[in-house]
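Each of the next two complexes has chain A plus one other chain: chain B in the first, chain C in the second.
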Partner chain A sequence: MATVEYLHIAKTYPNGTRALEDLNLSVEDGEMMVLVGPSGCGKSTALRLLAGLDPSSGGELRIDGRRVNECAPQHRNIAMVFQNYALYPHMTVRRNLEFPLRMMKLPGPERSRRIEETSRMLGISDLLERRPRQLSGGQRQRVAMGRALVRKPRVFLMDEPLSNLDMKLRTRIRSEIAGLQKRLGITTIYVTHDQVEAMTLGDRIAVLKDGRLQQCGPPQELYDQPANTFVGAFLGNPGMNIFHAWAGSGTAALQLAGGSWQIPLGPLLRRKPKLAQYVGHPLLAGLRPEAFSPWQTPAAAVLIESVESLGHERLVHFVPPGATPGAKSETLVARLPGPQAEQPGQHIELGFDTGQLHLFTHEGDAIV
Partner chain B sequence: MPDRKSSSHAGRGLTAFLLSAPALLGLLLFVLLPFLLAAALSLTNLRLGSPLPLEWMGLEQYRRILHDPTFRHALLNNLLFVVTVVPVQTVLALALAVLLNQRLGAIAWFRVLFFMPVVFPLSLVAVIWVLIFAPGPDGPMNALLELISFGAWTPRDFLHDEQLALSAIMLTSIWQGTGFQMVVILAGLQAISAELNEAATIDGAGCWQRFWFVTLPQLRNTLIFVVLVTTILAFRLFDQVQIMTQGGPHDATTTVMFEAVQTAFSRQQIGRGAAMTVVMFLVVLLLSLLQRRIARQQREVS
Partner chain C sequence: MKRLLTPLTYLCLLLCGLLFISPVGFLLIGSLKPDDLVLVESGGWRALWPTSASLENYRDVFTRVDFTRYLLNSLFINGMILGTGLLVNSIAGYSFARLPWRGRGLLFNLVLAVMIIPLEAIAVPLFYIVSLLGWRDTYLVQILPFIANAFSIYLFYTYFIGLPRELEEAARIDGAGVVRTFIDIIVPNAKPVFASVAILTFLTQWGAFLWPLLVTSSEAVRPLPLAIATFHGLPPLRWGDLFAFGVMMVLPILSVFLLFQRLFVRGVAATGIKG
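Moving on, here comes the complex of A and B:
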């Protein structure tokens, strides 16, 4: 069991790509930390640096408070599950599980005992004499986890471990991983591009973009109080709607989407005192799709572009009336309960709960 | 409609036959026919320009060559050549391939350099090595050995030395042949996923352990192929012998192929030469079958 710290970690690849810039992140003992972000955000790089597969270009990596930058990967006592599992194809499952134990020079009986224990825990006892190519995707995934867990590592790294599985299996193994991690209490860093995995698995989530940490915190906190428009739009499916807003100095109202909705400034200022600094400047507003409803005020007549029905709910894509037609950024999504009731081209009255309104500066940083 | 089906089936068969006919004809004319002829001639006493009548000898020719000390010497030399050159060349090629698989700046140039000997004609290579092995203290090889032994080396005439001639030919062949094996192994190395090595690193394996437990098993089929091809090439050893030593001194470097060519074309004993090539064919066939069996077993395992 261990703590992990990234201190001012930077990584520039030899070809000039800046994969990480000044990453500061600490993972507590026994915690499940999920690194999430779009591809190329540096999340896998962060994992590879900790594993020692790539050297960092700057900063300090600590495990249990000890600097490990110079420590060879084989001495860091870290285990990793790769996206493609990277099982040794010429070895049976048993030999795959045994490999890290042999490298640790454990005696034979102890190796057998650990293999027995781990394979029972993961439900792969019947597969021990098979070879990786004779296994299904889900079974391979379990073997890869087994190979990582069998040596009782200090830190457990997982690089998109579920991305090669089909939807149903993914959901099942996801909850298995969560259960296993809690039971074993191993400090885990889990990399994914899938915000659903991040929300459901993480004790805390670290959102990365372009090599920079955007925000780090418990899933609900990130969902409810995104630090910027990127985090807001990235978490949630669909993500937060972001649109232009204007708090005119002359009027006492916040104008949303070109004046489609008008909200009294007074209560908003009480809730977000910093907003006062931005009066008279262009702003960005954010609303989760579920914040909309047809019965709330302020309401505006919106033009429906399309409706996706999911059976129990529907996603209504619409354009607010004040918006420039055709400007893509202004298409918003509302999540409304119940089956489809609207037709594209129709106008409906749509309002939202002002308590759920997020405000950001023009640059995208949250105003609190 | 069974009739139509069978006729169209026959039609397809005919098309296939017609399309492959040119290639089949070539194979028949230039491979199968000469081989059958050789096999038939090996049962006779055919000699070129001999006034004696052609006689059927049956297996007598084979009995004679197998009791001929020169031919036995040739077989032994071939065997020695194979058991020395194949392992040395394979290990060397493997080492080079591993080195050249590193990500270094000028790696492409090194790859070209190490592959170049393969492109050179064998006869040219042999001529150059004759010069390298030149007798006397001025011969480059003698000079080099003298230099690195701090003058303790007394110059030898490599190609006319019974103890050294075969080794000299082996060295030439290894120098010439390693590049080809290296390229094949390099291709095999590059087919190994980098993730496997990374996984092994994280599992605690050092670089030798990674080589032993991941790289080598992954290269298994490539290595089997390389060893098979090199073995067959080693049995066909001829050019170097012809140019560098003419089989001498005292049959120290003669090979089955060299003996066969000498017998058939210099001594004009066609029947006897043919018998030698048939013996060689059988040896190579046996080795190929053996190696294929090993390869198949290992493929089943992996």
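Moving on, here comes the complex of A and C:
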């Protein structure tokens, strides 16, 4: 087991693409850290740098406090599960599992013992004599995990390991990975673009965008207190609604979505003292879909655009009255309990819980 | 209409097949005929009919020249070119495809440029160099210049560049160095390209004539193509013997092709060589 530290890590590719900029991140011993972000945000690069597959352009990487920048991948004692599993196609499952052990020069009986132990743990004992092409996607995924775990690495890296599986299998293996990681207590860095995976798996989540770390913390903390509009909109499905707000200097109310809703400034200023600095400036407001409710105040008569019924709940896409008609960016979404009750084109009264209102500067940083 | 087309297609294919195989058939059947019948019957369908077949011509070849010596020379020279060539060119191809080193692109372009230079163009300076080194009339001079081959390097390069990079990365993380990764992971997954290069090298080198003619003078190191030319000029001229010599010269290359044929087809498809 080990700690991992990224200290001012930067990565610029030879073609000039900046994949990472000044990344500072530390992963505790035995922790499951999930790196999440959209495509091209630098999350896989961060993993590859730690694995030693690519050199960093600046900064320091440490495993257990020891600088590893110059260490070859084979000397870092890490294991990695690739998105396409990268099983050796010409070897049987047994030989795939054995390969890292042979490289460690372990004696034969010890190799056999570890293969038995790992294959039993992952439920692949009966697949040992098969070749990768004879396995299903889920079985390949397990073998890839087995090959990574069999050598008992200090750090376990996973690069979107579930992205090639169907939804049902993904959910099952996700919980298996979580259980396995907790049981073995191996420091794990898990890369995904799927925020559901991030929320359910991570002890902590690090959200990246354009090569920069946006926020790092426990999943619930990131969900409840996003540091900026990007984190707010990225986490959650659907993500946070972000819309314009205005704390007019001459009025005592915060105007939301072009005046669709107005709430008194006083209580807000007590909750968010820094808001005082932004009075008179354009702001951004954030509300999670579940913050809306027909019974809350302040309420406004909103225009329903469409309704997605999910059986036990519905996602109502609507335009607040103060919004410009037809402007796609001003369409908001509410998550309401129960089956569909509204029709597109209908107006309904919709309010929200002011306690769940997030405020951001015009640049998108949270106001606390 | 469709019912008529299928037999017609097969008939066309059959005729094309016969057309392609007829020279080989003529060679094989001619080698079994008495010498005086070979040319007499060559004008019609009898060319492909074994009239009074016997292995007499084959026996003649062995009594008139030291065929075994030439065959062993050819096998040794080609075996060495093939073995060392596969090793050197695959390593070079892998290095160009995967290993990061300064000047890789420039050198690779130079290698590609070398592909268009025919042996005839460099034969004289090459001859001068090997003469200076005192290598004339040896096996070495027939092997060394043909080990590194630009086309083989290019074939290996195109195959290796298409292999998933994650395989090598997984091996490196699993603890294998570059050499171990190459031997344990890359080579076993590149059998088709090895087969293609083996067959193409063997095909080219087995028939090599100009270079051995320039650099060898003693029969002890000369390969089969030179021997058949000498045999042709050896009186009396017997076509049946010549045909038998030809058959025995073609057999090794045919067996190599048949041995690797399945892999070769896969390799041709994978490396994108056009026939």
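What to note about this one:
In the analysis below, the second predicted complex is superposed on the first by the 368 of 368 C-alpha atoms of A that agree within 3 Å, B and C clash if a C-alpha of one lies under 4 Å from a C-alpha of the other, contacts with A are read in each partner's own complex, and residues count from 1 in each chain.
We adopt the following convention: a contact is a pair of C-beta atoms (placed from the backbone, for glycine too) under 8 Å apart; a residue touches a chain by one contact, two chains touch by 3 or more.
All values derive from a computational prediction rather than experimental measurement.
After superposition onto chain A, the modelled positions of chain B and chain C overlap sterically. When the two complexes are overlaid on their common chain A, residue A:80 makes contact with chain B and with chain C alike.
When both complexes are overlaid on chain A, the residue A:89 reaches chain B and chain C alike. Common to the chain B and chain C interfaces on chain A are residues 51-53, 73-74, 78-80, 82, 84, 86-90, 99-100, 103-104, 147, 151. Of all residues in chain B, those touching chain A in their complex are 193, 195-196, 198-206, 209, 213-214, 217-218, 220, 301-302. Listed in rising order, the residues of chain A touching chain B in the complex are 51-53, 73-75, 78-80, 82, 84, 86-91, 99-100, 103-104, 131, 147, 151. By the touch criterion stated above, chain C contacts chain A in their complex at residues 164, 166-167, 169-177, 180, 184-185, 188-189. By the touch criterion stated above, chain A contacts chain C in their complex at residues 51-53, 72-74, 78-80, 82-84, 86-90, 99-100, 103-104, 147, 151.
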